[in-house]
Amino acid sequence: MFAQQLVNGVLLGATYALFALGFTLMFGVLRVINLTYGFYFSAGAFIALFLTRQAGFGIWAALPVAAMGAGAVAVALDWLLLSRLRRVNAPELSSLMVTLGGVLALYSAATSILGPDIRRLPPDLVASDAFVLAGLRVTTAQLLILLATAVMVGALMALMRGTRLGLAIRAMAEKPDAAGLMGIDTGRLAALVSFISGCLAGAGGVLIGLNFNAIHPYMGEAMMLRGFVVIIVGGLGDIRGALIAGLLLGVIEVFTAGYVASGLKEAVAFAILVVVLWTRPSGLFGRAVVRRA
Amino acid sequence: MIIPPWLDDFLWTYQNLIHALGINGLLALSMYVVLAVGQLSLGQAAFMGLGAYSSALMTLKLKLPFFMVLPASCVVPVLFALAIGVPTLRLSGVYLAIATIGLGEVLRAVYLNVDYFGGALGLSGIPERAETWMIYGLLFAAVAILWLVGRSGVGRAMEAMREDETAAGVMGVNVGRYRMGALLASAVLAGLAGALGAHVSSFIGPNEYGFEPAVTILSYALLGGIGTPLAPVLGAWILTLLPELLRGFSDLRLVFNGVIIVLAVLFLPNGLLSWRMKRRGA
Amino acid sequence: QAQTVPVGAIEILSGPAAAYGIAIKGGLDLALDEINQKGVLGGKKIALTVEDSAADKNQAINAARKLIGRDKVVAIIGPTLSNEMFAVGPVTNERKIPTIGTSTTANGITDIGPYIFRTSLPEADVVPVTFKKAQARGVKTVALMYANDDAFSKSGFDVMKAAAEKLGLNILAIESFGTKDTDFAAQLTKIKGLKPDAVAISALVEPVSGVLLQARQLGFGKETLFIGGNGSNSPKLGAIAGAAADGLIVGSPWFIGKPDALNQKFVAAFKAKYGKDPDQFAAQAYDCMFILAAAIDRAGAADSEKITAALAKTSYTGVMGPFTFTDHRDPASAEGVVVLEMRDGKFGIAP
Amino acid sequence: MSSLDVQGLTVFYGRTEALKGIDLTVAEGQVVCLIGANGAGKTTTMRALSGLTRPRAGAIRLDGADIAGWRPHRVAAAGMLQVPEGRQVFAELTVAENLAMGAWLLADRAETARRQDQVLARFPRLKERLDQPAGSMSGGEQQMLALGRALMGAPRLLLLDEPSMGLAPLFVEEIFSIVADLKREGTTILLVEQNASAALEVADYAYVLETGRIVLEGPAATVAHDPAVVAAYLGG
Amino acid sequence: MILLQTAGLTRRYAGLVAVDAVDMDIPAGGIHAVIGPNGAGKTTLFNLISGVVPPSAGTIRFAGSAVTSLLPHERARLGIARTFQNIRVFGAMTVLENVLTGLHAHLSATLPEIVARLGRFRREERAAVDRAKDALALVGLSARADARAAALSYGDQRRLEIARAMVAEPRLLLLDEPAAGMNPAETEALAALVRRIRGFGTTVLLVEHDMGFVMDLSDTVTVLNFGRRIFQGTPAEVRREPAVIEAYLGPKVAERLARREAATRAG
């Protein structure tokens, strides 16, 4: 049972990490607290729902299209809500407020258009039976999540640390004006980051919708708190940190539920994470920002 | 004085709204005092919950009179603020925000799991002891005090900290003490709001003090602004009134609500009341 | 003299829990269409104002006060959640406005005051029937699961626990989760290790579906009987959980396939109007609207006190079956309760 | 090589008019120096030229094209780079990454490497500290980095806003020799300097700015001997 | 009397020693300079003295008592004030309010007094405003008193920093490159201001790369290189010291300084 609980924890943690990846790109790297992130997540899931139910797509075709669709949604929302604030150098937290209003409108509109009911992807999209390996049970959807998380972590780390683009993103996040002077089109770069982040969220939405068989307008909203926790405990903008914090959170929750008391799983998880922050005030892998006197 | 019947009816109809405006105003101020020193501490909902639960229990179980319950309702939140303040206030920005939200979630689990707190059923049958004049009296007093303090050297020190803690420290501002002071003031205001809220609505439940209320309280201050203590109160009032004013739109009510917020922020990114008060008392 | 009788309803029409309020509103509107064809009190129409509470305590109270103070309603249906009723009830009761919960099953609702009614059968009346059925099928040990952050689910669990104890079932484990949770693997893995004959779940339909889906993934087979509470009694269970829900039993005063003509007519009308199957919430609301309309007629005037008195004397047969109130304004009989079993995504009478 | 021609440039901050319609020309290959007291509007001029601040009125012609109102990245792509006042290095990026950012517009890798070698040769301190986050460097070190970063971009026209600020005397000399070298290589330069005498020595032409207006202009040597200038800016 | 004394003061950062076992005695009164190449550790030394950065080793004594482990605000209370090389004005506050924060350590009104607007608070506040206005007049910023600090030009922000640091007439004033961003005429005015500040009885310790300014003004000059003190003496000695010329001044500047000195002596 211990081994199965560990697997449960890792799988749950992987879903947290999967959700957090695009979020850490947008919030951790770009320093924009964009609460519409949860919406991209459900947007991706709904696009996949439409593609598979109405247009007969298979999962491998639906996944990338849904991801890009969510990316497009992200770009549009960035343009509508945030581009103006960036132009006028608005205070940092105004981005939080505008996206708060934005999600309120979006979720309500989505609920009245799509209906409040929970939907599910076609059951035969991926095999729903679990593999049994040495007594441990894992489903195809769960394996997909593990795989997607691993691929995305790798790709994002490569992007952020290894490419000019990643460099430009980090530069723009810190000093947009100076980045402009270097020849970076900050408007377009911000749109690109939104797109990538939206794609990651969209793909996450499809996979998590597939795994838990529940797609509804608020599905991303329900993960926002965990998403925040994961990227902050991991250290803002640190992709490896988001992965590890996600896994940690998943394992703690599962082990508390499995071996202590299920009613306390959030409490214990949060308490431990707060203690982590007390001992490492910039998260597991975060570096304190150098600002010299 | 004779109140004309139409006014009586009006007051009854909007009584809860009138109470909520005052209470949310206090909550907005409890957010304001921490934002004013540059801290993104989101423990307000948790403090409000502590005030609400402790006051409700004092009324229900100990049968204490409200004039004792109300001041006492600050005690528990203040004790919590003291306890978490020391380790937590080293954190800054979103790290602090998450740590303090963690407090709210832990407390929620306690309310849910300990029968004494009523579990998911919450506490009901709380007598309606908070009067409108108490709520607005406290709100007025809080605005006045924060205003007067804001215009003094203390206000200057707070704003200086918000802009640059290192430089403020070099100017002689005891940064740690100010942070703690702001957190305690925040706990007092939120605790009072919690107690008042519990004693106007007869029921409190564990889900009223978690993550979402924490964000709502933050949004009061963000929408209104933090230039003066009036700004967050205005923000709270607008966000409290909007859903009621928009009842006519039925289904699309919250859509319009969101759109209005978006437009307000886009065109007034520094808050609805963006002017700042003069920081000099002479 | 006014030509309409103003009636109010407070339901969750927006936000994550909107599905419940929207289903209820559907039932009310459908009933109202029929009622208003001939009207009440000799031809007056009932004017129903449905206010949104967004599942928020304050908004629910504001809605109640607005309905009473501005719209001058003579009776209120709702609100949706038990938690909301605990906040709204004292307000309407103070103004002596009869208030009828159609979906509030928690304990203590009608204790709020003499003007608070409910037409939803409390879990205490339903669950024992279900558990007896389970025992009859040979269940001796049971594990209980419930959402611990929601009054409805928690009350349901309390009832399940009492029922299990009373029937002498051996409770092997009690596990909780959050209503918004999507992952139950930890709890289920633990329960699986204990090999109970049955797992009883008290929660809203979304988490129940999730529990069933994951239980199957974790290898729970037909040997384990799943027992649902009131929350599971929804066509959505089949829609979300699909085959994973097969075999679940739940007690209910109503189910979509209930064969009587009245019910069949209701189901057909609902489908025609909304293009989807009604659920229990819609059915309860549908009946409630008729019960209230009949009470208004019997009261002889659009007067809250008289309506309250008339309501107490209700004797009505609707899609849920025969209905009367107890002295304590709860539904009087659990006679109509049948145990349903999920088969191929649809509920039918359990064998 | 590039030339710059500015006419009637007017900038407002809210209601205050910081630049009141200035005319200024930087001919191809020249070093032109802009001097003025604190608050005269020198930085405002530079920001308006590079697109960081939107001018209210006026024309800015870079090689004939009117670039007034262009966003900074377009201006940079057109070949005009700026070393901003107060350094503005990317504090969280390392020295090497800051330099790489400077070469953003340079597609050619070999050219980038060659320029980086040149910059590091001029500023050996940067070479020692390639992996240090720029924000933790000393003020002077950051100034070197800001300059080095602009040199990475192969500007045809360079706007320098107080490049010698915070540099040790030896390095101040180095800065002016860099300006002379750049000029020799054909880069056109507009220079704002408080170290006016040294600036006037390398400059071809000079403008004197006072509260948002050009009050004097002429060949650098002439301006350097103008008694009013000597009294006000060169410190007797 | 020795006002400030550092012994073995050291600050290490990953892989480098920014300040390396510096012993320094600054007598009370007078103007003292610290010079050295870029990255020599001058600003770090100031950070250590003002308490912004804790030392890795060594001690700091101020006016006879150990302050090594005190926090910045405690040192401010003892009379240590400073300006920052990378300007750190409170941008959203007005110029006058910035200067008023410089008096923070000297305000004593309690919260009840503030809320009740009692006489002591009013008197204190009025006096503070008067002092702040005087300080602004000294640096020539009176006209901008009500402007937002962020709207000042670079040079004006530097003046504001100086006013904010000196308004309380501290015992020790640390000026980090006060003349950066000022032209020679403005620098001369600044020199006059620093002399006036000395006149208040404030001891001035300054870092500056403008050698004319340093040599004219300072009573003693300490030279740092790679975090170590390589020389200490009068301006004339410093100018002639080969190690200093080699590491910092360069022959041209040394020569110019020599000519200047000769001219001043002649004139």
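Per-chain residue numbering starts at 1, and chain names A, B, C, D and E are given in the order in which the chains are listed.
Following the convention adopted for this analysis, a residue touches a chain if its C-beta (ideal position, glycine included) is under 8 Å from a C-beta of that chain, and two chains touch if they have at least 3 such contacts.
If you're wondering where the values come from, they're calculated on a predicted model, not measured in any experiment.
At the far end from chain B, in terms of centres built from Cα atoms, lies D.
When chain centres are defined as mean Cα coordinates, C lies farthest from chain E. Each chain gets a centre from the mean of its Cα atoms; for chain A and chain C, those two points are 35 Å apart.
One inter-chain figure worth recording: chain B and chain E are separated by 43 Å, centre to centre, where each centre is the mean of the chain's CA atoms. Note on chain placement: the centre of chain C and the centre of chain E lie 74 Å apart, centres being C-alpha means. Contact of a single residue of chain D with at least two other chains is seen at positions 136-137.
Touching of two or more other chains is recorded for residues 108, 112-113, 166, 251, 253-254 of chain B. Residues of chain A in contact with at least two other chains: 107-108, 112, 263, 266, 291-293. Listing the residues of chain E that touch chain D in their complex gives 13, 36-40, 42-44, 85-87, 151-156, 159, 177, 180-188, 209, 211, 248-250, 252-253. Across the interface of their complex, chain B is touched by residues 13-15, 50-52, 54, 57-59, 61-63, 65-66, 68-70, 82-83, 86-87, 90-91, 106-108, 112, 147-151, 153-155 of chain C. The residues of chain D lying in touch with chain A in their complex are 50-52, 71-74, 76-77, 81-82, 84, 88-93, 97, 100-102, 104-105, 133, 135-137, 149, 153. Chain contact summary for the complex, chain A toward chain D: residues 164, 167-168, 170-171, 174-175, 177-187, 289-292.
Residues 145, 148-149, 152-154, 156-157, 159-160, 163-164, 166-176, 276, 278-282 of chain B are the ones touching chain E in the complex.
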